[in-house]
Amino acid sequence: MADETSAETSAETSEQALPAPIIHITRDPLDGEAIRALEQAVTTAGAGGIVTFAGVVRDNARGKRVRALEYDAYPEMAESEMARIAAEVAQRWPESALAMVHRIGPLAIGECSVVVVAACPHRAEAFEACRYAIDALKASVPIWKKEIYEDGQEWVEG
Amino acid sequence: MADETSAETSAETSEQALPAPIIHITRDPLDGEAIRALEQAVTTAGAGGIVTFAGVVRDNARGKRVRALEYDAYPEMAESEMARIAAEVAQRWPESALAMVHRIGPLAIGECSVVVVAACPHRAEAFEACRYAIDALKASVPIWKKEIYEDGQEWVEG
Amino acid sequence: MQVRIRYFAALREAVGEAEEALDLPDGATVAQARGLLAERRPALAKLLPACAAAVNRGYAQAETPLSDGAELVFIPPLGGG
Amino acid sequence: MQVRIRYFAALREAVGEAEEALDLPDGATVAQARGLLAERRPALAKLLPACAAAVNRGYAQAETPLSDGAELVFIPPLGGG
């Protein structure tokens, strides 16, 4: 819109620059407001589909009643692994914009532990990029989960 | 938690009932607050993964600069088709909870036209259910899109 | 018998109305209604071939018979999402 | 030479400390550090075999040589997400 004479050549891909990936390990709650802010931060005028994954603390796991969770991270390496994943996403889906935030510390049932947002021109890419990023995060980012039960606690995989 | 003696048998699947699907055609904005409300409405204590798809009005399409959009619907049939899709999702992913809302009327660039939220115990199901629902919506729900350009307008497919 | 036709999107703009009543012979099918409408409404003749049809708010085939009072809608190519 | 070992999650709870310095012969590998640590820290002996290793904040192989001042972390099975 800023330069109408260039509308014809620039219409295919929006001329707004893609935002850099947002990567954080945080102790702050990932509440609705925080998730919305991430979505807004990755959404450009050329984004047609936004896929958000929110991982939430469930009340049960492996047949056991979970009362609460605690996440720990190796924060410097976690952020560098997340940056590596974001670079892979940018290479595979060049028009994507990505946010990945993982919360650590104590979490209650129903609270959000991780958010991944992918914004892309089309929905197929947005689903694929978001799924790729959360799968890669779970596979390689040094974060750990301790489940706290009625009668004990355990660091668990997955 | 309400009945501790039944914790062992009920731990695998959370005892909280799944909410009924949320289905709407609306003229109200699908802003951050509205999306958050949908996410909360489908999230039970057994939900571990929530996938949200938001379709957003882009500034370009098919090489043309889009100034704004207008959506029209056959509202009664649109809602019954969406209910049919929700029933299919419930059959394929029995532990899922789903919300599908499509906005109609005039929309500006960057505004959200459609939101689909799927909440499931695990992330793979949530991605699949959300993707299935938005793909099915686009394939069968009677909603139409008029693109408004600098120099004209057109009802377009897809 | 008579069916109620409702128009949406490109069809409504072409017709300039949101609905109308269409008189049909008893037992007429969706295909017959489509043919009659294309004759009566030249503005629709080019649009109707690309349209699906819905009877009483569900998709219908060309050979679906209509009944008195049915709601018939021709559905142009979809654009939701 | 000396490397800095940092402990997280189950390893930190087992050791009761967040980090320590480990003296190693020059040119020692990740595998040698792991062996030495299992001897010095019996609490870790059961946990270390399931751990990956990271040197200077990137995943490393057993045969990766360490250098003086490196940061070495044994990474228990991941639980992020």
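Every chain is named by a letter (A, B, C and D) in the order it is written, and numbering of its residues begins at 1.
Going forward, a residue touches a chain if its C-beta (ideal position, glycine included) is under 8 Å from a C-beta of that chain, and two chains touch if they have at least 3 such contacts.
Here the structure is a predicted model, which means the values were calculated and not measured.
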item: Path length in the contact graph (chain B to chain D, fewest steps); value: 2
item: Most distant chain from chain B, judged by the mean position of its C-alpha atoms; value: D
item: For chain A paired with chain D, centre-to-centre distance based on mean C-alpha positions, whole Å; value: 29
item: Chain A and chain C, separation of their C-alpha mean positions in angstrom; value: 46
item: Centroid spacing, where centroids are CA-atom means, of chain A and chain B in whole angstrom; value: 19
item: Junction residues of chain D - those touching two or more other chains; value: 81
item: Multi-partner residues of chain A (at least 2 other chains); value: 55, 123, 134
item: Complete list of chain pairs which touch one another; value: A-B, A-D, B-C
item: Chain B-facing residues of chain C, complex; value: 6, 8-10, 12-13, 54, 57-59, 73, 75-81
item: In the complex with chain B, residue positions of chain A that touch it; value: 1, 4, 7-8, 11-14, 32, 35-36, 39-40, 43, 45-60, 63-65, 109-110, 119, 121, 123, 126-127, 130-131, 134, 150
item: Chain C partner contacts - residues on chain B that touch it in the complex; value: 55, 71-74, 76-78, 80, 102, 113-114, 134, 137-146, 155-158
